[in-house]
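Next up, some structures in structure tokens.
Presented sequentially are two complexes of chain A, the first with chain B as partner and the second with chain C.
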Partner chain A sequence: MRPHDWRRLVSNPKQPAALNRSFHPWLEKDKQPFIEFQNVTKRYGAVTAVDDLSLKIYEREFFALLGPSGCGKTTLMRMLAGFEQVTQGDVFLAGENLADVPPYRRPVNMMFQSYALFPHMSVEKNIAFGLKQDGMAKSEINDRVADMLALVKMEDFGKRKPDQLSGGQKQRVALARSLAKQPKLLLLDEPLGALDRKLREETQFELVDLQEKLGITFMIVTHDQEEAMTVADRIAVMDHGRIIQVDPPMEMYERPNSRYVADFLGDINLIASKTVGHAKGKVLLQSDSGQDLQVNTSEEFAVGRNVWFASRPEKLNISRKKPAKALNALEGEVWDIAYLGGLTVYKVKLDSGEFVKAAVLNSAVSGADMITWEERVWVSCSPQGARVLIS
Partner chain B sequence: MTRQWTSFNIASVVLGFAFLYIPILLLIIYSFNASKLVTVWAGFSTKWYAAAFANLGLVDAAWVTFKVAIVSASVATVLGTMAAMALMRYTRFRGRFLFSGMIYAPLVMPEVITGLSLLLLFVAVGMERGITTVTLAHITFSMCFVAVVVQSRLASFDRSLEEAALDLGATPARTFFSITLPIIMPAVIAGWMLAFTLSLDDLVIAQFNSGPGATTLPMKIFSQVRLGVTPEINAVCTILVAIVTLGVIIASLSMKYNDVQRARAEQLAMQTK
Partner chain C sequence: MGVLLPPRRAGVDIVSALQSIFKRATIWLPYLWLIVFFLAPFLLVAKLSVSEPAIAQPPYLPAMNWLDGPIGWWCDIKTFSISNYTFLTQDALYWKSYLSSVQIAFISTLLTLLIGFPLAYGMARAPRNLRPLLLMLVILPFWTSFLIRVYAWIGILKKEGLLNQFLIWAGVISEPLTIMNTNWAVYIGIVYSYLPFMVLPLYANLEKQDGTLLEAAADLGCSKVSAFWQITWPLSRPGVIAGCMLVFIPAVGEFVIPSLLGGSSTLMIGRTLFDEFFQNRDWPVSSAVAIILLLILIIPIMLFQKSEARAREQGA
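Now for the complex of A and B:
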């Protein structure tokens, strides 16, 4: 059976994507992973790019590798494509060990950051290149190329050379070329990095649609956290060749496992604290400046441990008077204000000397009564809106 | 920066070009001299061209030279391109630094030494000197020029193009022939033309390594000039100048054409954003 019927997709592009909200293969027990990294290490001389890393990715997942440059995310992807040899450990694709499979024999295609369109070939020839390598019949190639051009809405550009295309058009051709062979796995290396912001956001949604329609496993490498959150079913945040956390975007944002992840994915306020005890479903903290704090959590922590009280800016309230049910309320002075249109971000210097950011949604047209610079304010956070981080 | 012509500017341009071109101009003018005496002008004539073509020794030498130049340039281009690929691509092999240094060395090696060492080699292996040895010698010294030209093109080559080809299922050999080679072709052709010209006008190395029946044109001209310069030689040299000039003009026109094409392509891309 063919994995996907291209003609049907092309002729009916408006068909609603079969968004399966209960798609959590990583939670299913005994589910066979599609890609598996087993204790993979990659060294370049003395530099360790990937450090004893294990990871399972499932069929039809849209998986994002997120991290700063040099964290090993590109190396990890290039191992799947076959451009990097593994120093130690094994990589499996659909149960097959990839160690001795050269790049040109892998059922994997990659879309390159630079697009890597062959400059001496027309758009059609570029898309047909991979099909020709498979020895496909000429008429079949022509059909497939036409389908692919339709899929990325580039029907009128088949005869153009890559030099004659704009950045967005090149991106579409590169995508069409990498999908033409109907790979089992598509690798996307910073695919939207060269596009301007508006086009990038549009294209992110198109990528998600396409992935849902085609049912191919997608793996994207990016350093843009919003991009990762927009497109991915699950995100892996990497640092120094290790995976710090793997989770769906919402889980990752709401329950980061470390300061590193919390800070990499969005903004976070951190207050150094010690645990002082537990109440029902709560952990009680005392900040280093002596303020009592509490966080709703079922986790247990040893008393007297150094931890961080962590809360996102949008989960903080800011007011001139101390809120009535004052839990986690801290007093300070407005230090700086950033008006962002939809949001206003207040940077508040607490009396303890620490800075916190509070983001307030501008739901009403802003008036004269806004909190302004150097005002005394109370910043508060409900126990549900905070987390305890131990690393 | 001023764009005006000053007397200093004009003087530098005139002096510079005069220094470069007066000797060649003189040679061309005297090739059309009716007189047998090279230095006395006695009216316009093309008889020395007819004489040159009737001189079987010269025509034979020219034929030998072209055969040697075409074969040696072609072989040197293949070998030089391979060397450049190896040096640029397999960046981590042991002794790469030494090898790339050794590729450049023949560029600055005195020709006398190259010629002599090759002669010693051919004598040692008992090879009869002739057209084969001249060709081999020319391959040896022009190969490194090709390698340098191709290497500089490969330095700016986007490796992800080759990776994309591999990724799409092309074997390394197919990747080279259908992606790498077409893209670096202008550099390969430039390398061939360089090797061709080097072979065409080489005197020293040919002198050492040629034998009976393998006299190249520069050797022939040199030996005739020792008996006195005849207008016939002027005519031959003028033809050589014409061939080289034509080559340069064709090369620069084709480059210009490429530039125009690219500019047009970019314009098209802008319009249809």
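Now for the complex of A and C:
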């Protein structure tokens, strides 16, 4: 299927989503990036919003920029749309330097956080707006608008004004409008921020489907880590105008490169430690409270270095008795319990005074035998389930 | 047994009764205001307009006597004279005055919009911290008397006035222009005096327009100029209509500006009415003139309200 064969797409909405499985263009050598930021800096007066940032994004990728508010992710996206000028560095799109291309000449469309639907135009006119600017023939515009309305399942709402739509419907119209011109790149600025949780989750999957069907490169800005992990092929975690890590969601979650990323994406237990040596495929650590720890890794660390033993709550086991093969086992007292339905999270105060969280899957119906407050427990973690973080 | 009711207390009843009286009063107060200050004077003028003129004090024969009682009123109504209205159709002065007033008001409104829109647009796009100051400057002229400000224009526009002196000094013209006592002076006076009434509603509208709409337009391939005409202008329609009504309606009945700045050939209904009332002392005819003027003005007011209602429906 050609990337922009809209009619077929609408008539045959269940296209195989097979593209994705072995889609790793960032691993291919000599692959031409579709978007490239080269040492881009953006300053507003004394404030540096984007700091000497380089990034490559490949065609057909669903790329997520993730970070707290003010980290520069929106600025980065607005540079692609052309609403922000680059202070230093270059931005390339399909090999073309974007420096002197005004927003209305870029093959890029954006879906705005506030949707920015034109309030005085009907849904149809909103979707047709971009096509009209290109001087497309009227009959062709009508066909395309009908296709787009079908694509977002809004066929019955063409004549409505934006004020007569619900939040979810507005979101769909905004998406249809931004896709109508068949852009090479679609930018999504917190596209689901205004929707309630249930609708947001549904729409996330729809977005992924849509992106796979259309074969357009999508770039999404979000502060919601679950959203980023659901939709994206790769995520870039940003902080203070810099990219901290770029990786696929699983990679990022399992092998975060820093405490910042580990903490931003999910929950993490950190125990300050020092390296004491290496065994084969392992690093031996000693926590600051004197506990021996070990982590499976092929990385090498200088002995005596300050590092952090890091482990996700769901990778910790909790038991009343000391586990038999007691590697990385720490004793403590249950401080707090959060029952979340599917999971129970125990907050344990270790004897060293540190707190760790252990998440236990509630696979059996809970009974009287559950570990409860102020019980003495052992928390353990296999060497495979932990990471050594150096920053 | 049964349902337990709280004991009735007299004080509670009085308070709730008072509350309902106040509630009703807040609804009726505006109506009372309209009845006392709009409907009653209107009826007085209407009654006057169907009276016969007379050389008396006041200079008319009352068409109706409140003491006659209902039957007497009916007899009075039968004697109402429409001769004052027919008189207005016989003398060309009146319809020419109406027409010329509407024409002058229309052109002035257009000129005010032409000047006011860029002004309001610039204010709405100015840095946020500068806007209150700019707004102040627009309102500032209200701090001096309207009459004095119109008088001041005589000094500017007359033959040896500031404008001519400046233009001759700058070498733009060699002979002084005759602006004073022409319709041009009236246009200038109206545009100057009513500009704030145009700028304020426009500014209020433009300032609250969502800037991301223009970004969205640019994103969809629309140049800046084109985005203005396709987004900003249609969205500012309620502001434009409000501004135009606020200028047009008082400008039609304007009296001071044509009297001070206009020439003998400047025909405006406000002046005609003044002359009829004070020079000819024909109160019934001048009342008829006022009633017709009101009818002419009510049409644009109704149009205005209709468009407002429509805008509200759209939530724009």
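Following the convention adopted for this analysis, the second predicted complex is superposed on the first by the 387 of 391 C-alpha atoms of A that agree within 3 Å, B and C clash if a C-alpha of one lies under 4 Å from a C-alpha of the other, contacts with A are read in each partner's own complex, and residues count from 1 in each chain.
What we mean here is this: a contact is a pair of C-beta atoms (placed from the backbone, for glycine too) under 8 Å apart; a residue touches a chain by one contact, two chains touch by 3 or more.
Computed from a predicted structure; not experimentally measured.
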Next item on the list: Have a look at chain B and chain C on chain A after the superposition and call it: clash or fit.
Entry: clash
Check: What is the contact status of A:Ser166 with respect to chain B (first) and chain C (second): first, second, both, or neither?
Finding: first
Checklist line | Stretch of chain C penetrating chain B in the combined three-chain arrangement, among 1-9, 19-27 or 73-81 | finding: 19-27
Check: Can you list the residues of chain A that touch chain B in one structure and chain C in the other?
Finding: 81-83, 102-105, 108-110, 112, 114, 116, 118-120, 129-130, 133-134, 161, 163, 177-178, 181
Check: What does chain A use to touch chain B in their complex?
Finding: 81-83, 102-105, 108-110, 112-114, 116, 118-120, 129-130, 133-134, 160-161, 163-166, 168-169, 177-178, 181
Note to self: Show me the residue ranges of chain C that touch chain A in the complex, using the header's touch definition.
What the structure shows: 210, 212-213, 215-223, 226, 230-231, 234-235, 314-316
Check: What residues on chain B touch chain A, complex-wise?
Finding: 158, 160-161, 163-172, 174, 178-179, 182-183, 262, 265-266, 268-270, 272-273
Item checked: In the complex with chain C, residue positions of chain A that touch it -> 81-83, 102-105, 108-110, 112, 114, 116-120, 129-130, 133-134, 161, 163, 177-178, 181
